[in-house]
Amino acid sequence: MNHLTDLPPWAAILVCGLLLLGAAMTLIGSLGLLRLPSFYDRLHAPTIATSGGTILICLASMLCFAVLQSRWIFHELLIIFFVTVTTPVTLMLLGQAALYRDRVKERSDVPRKPKPAAEPGSE
Amino acid sequence: MRAWYPYPLFSIALFLMWLLLNQSVAPGSIVLSLFLSTLLGWVMVKLQPSQSRLRRLGLMAGFALAVAADIIRSNVAVARIILRPRGKPANTGFMTVDVDLENENALALLACILTATPGTAWLEYDRRQKSLLLHVLDIDNEDLWRRTVKRYEAGLKEILE
Amino acid sequence: MTALAIVWSILLAQVMLALAMAFALYRIIKGPRAQDRILGLDTLYINAMLMLLAFGIRTANTIYFETALIIALIGFASSIAFAKFLMRGEVIE
């Protein structure tokens, strides 16, 4: 707690608030992963952790180190950029893979391929 | 200039990212990042991504703000659904929306926006039928989601096509 | 006083992130299908990255941020590879 004592009170409150809110959002997202019943429902849960949690926690650390002026604050910007760009791509591919597997297994609770049906194997 | 940098925006983004990763503006890293951004710009010519011009920066800013507001609202809504007591499960389901976008970049952007919004997940786009298969966490508001997708589609068309 | 509040709130945030990691781990172990496990792994990566950021705020050590960046990149690549594998049974087409 050497460097944290140098924070002025307003910055300290803001940093704490952002950090706690971000951690709470992440926790809610992971709780969704635990509680929601089907895979397609669970697909929505991690986006809360990324869009809410990551941005808030990165903002907290940017604010903390900008006020302390101990180093450049740009790494967090890069982290926000990477996470917001890459997570949708991952989830989209996972959703497609799950849909493909469910169709191969001919489960009844997923929508069929729209007609006219494409020949199997080509997309 | 165009011959040296066939994709100027891409090259600028690479240049800035290299400097950010190195956390320095020393002459050495500037020279290296200039070299890399030029070289990788030429590599992109080989890959031939579909090009589209960015028009109307003001419109883009407005669109980004609208998307950010939607994502925040949907974050709260999904958090509420997750924290619901066990007795009342969420009413989830699949839905199809007709989306008429030809531009590859606009489609990719639409996919990223819809998946980044917690309430909706992009599953499949059929190019021949021009229909999009979504999974939404709150199927009771199907009309609302349909209107949202339509709004995004109109915005992307204005910006990119 | 302020310092004490900051230390406690960082600790609380870390406890919440650890709990989130435990939930993701439960989903990896429990399944029930392969795509659930990969989704859990992806969430675990992001939660671990956020945990490192919290450590970085606590200790003001830059090395944590470098690590977080690397975890974000590697997690993305591995999740994509897993998803591709599920879809086709091979990673490179």
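Here the chain labels run A, B and C in written order, and each chain numbers its own residues starting at 1.
By our rule, a contact is a pair of C-beta atoms (placed from the backbone, for glycine too) under 8 Å apart; a residue touches a chain by one contact, two chains touch by 3 or more.
Since we're looking at a predicted model, the values are computed, not measured.
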When contacts are scored as defined above, which chain pair ends up with more C-beta pairs, A-B or A-C? A-C
Distance-to-centre winner among chains (Cα means, whole assembly as reference): A
Can you check how far apart subunit B and subunit C are, centre to centre, with Cα atoms defining each centre and the answer in Å? 23
Averaged over CA atoms, how far is the centre of subunit A from the centre of subunit B? Could you give it in whole Å? 15
If you average the CA atoms of subunit A and of subunit C, how many Å lie between those two points? 10
Can you list the residues of subunit A that touch 2 or more other chains? 29, 31, 43, 45, 50, 75, 78, 87, 89, 91, 96
Contacts from subunit A onto subunit B in the complex sit at residues 25, 28-29, 31-32, 35-38, 40-41, 43-45, 47-48, 50-52, 72, 74-75, 77-78, 84-85, 87-89, 91-92, 95-96, 99, 110-111, 114, 116
Under the touch definition given earlier, write down the residues of subunit A that touch subunit C in their complex. 1, 3-5, 7, 9, 12, 15-16, 19-20, 22-24, 26-27, 29-31, 33-34, 39, 42-43, 45-46, 49-50, 53-54, 57-58, 60-61, 64-65, 68, 70-71, 75-76, 78-79, 82-83, 86-87, 89-91, 93-94, 96-98, 100-101
Which residues of subunit B touch subunit A once you look at their complex with the stated criterion? 17, 20-21, 23, 71, 75, 78-79, 82-83, 89-90, 92, 94, 96, 111-113, 115-124, 126, 128-129, 131, 133, 135, 137
Any idea which subunit C residues touch subunit A in the complex? 2-3, 5-7, 9-10, 12-14, 16-17, 19-21, 23-24, 26-27, 33-36, 38-40, 42-43, 46-47, 49-50, 53-54, 56-58, 60, 62, 65-66, 68-69, 72-73, 76, 79-80, 83-84, 86-87
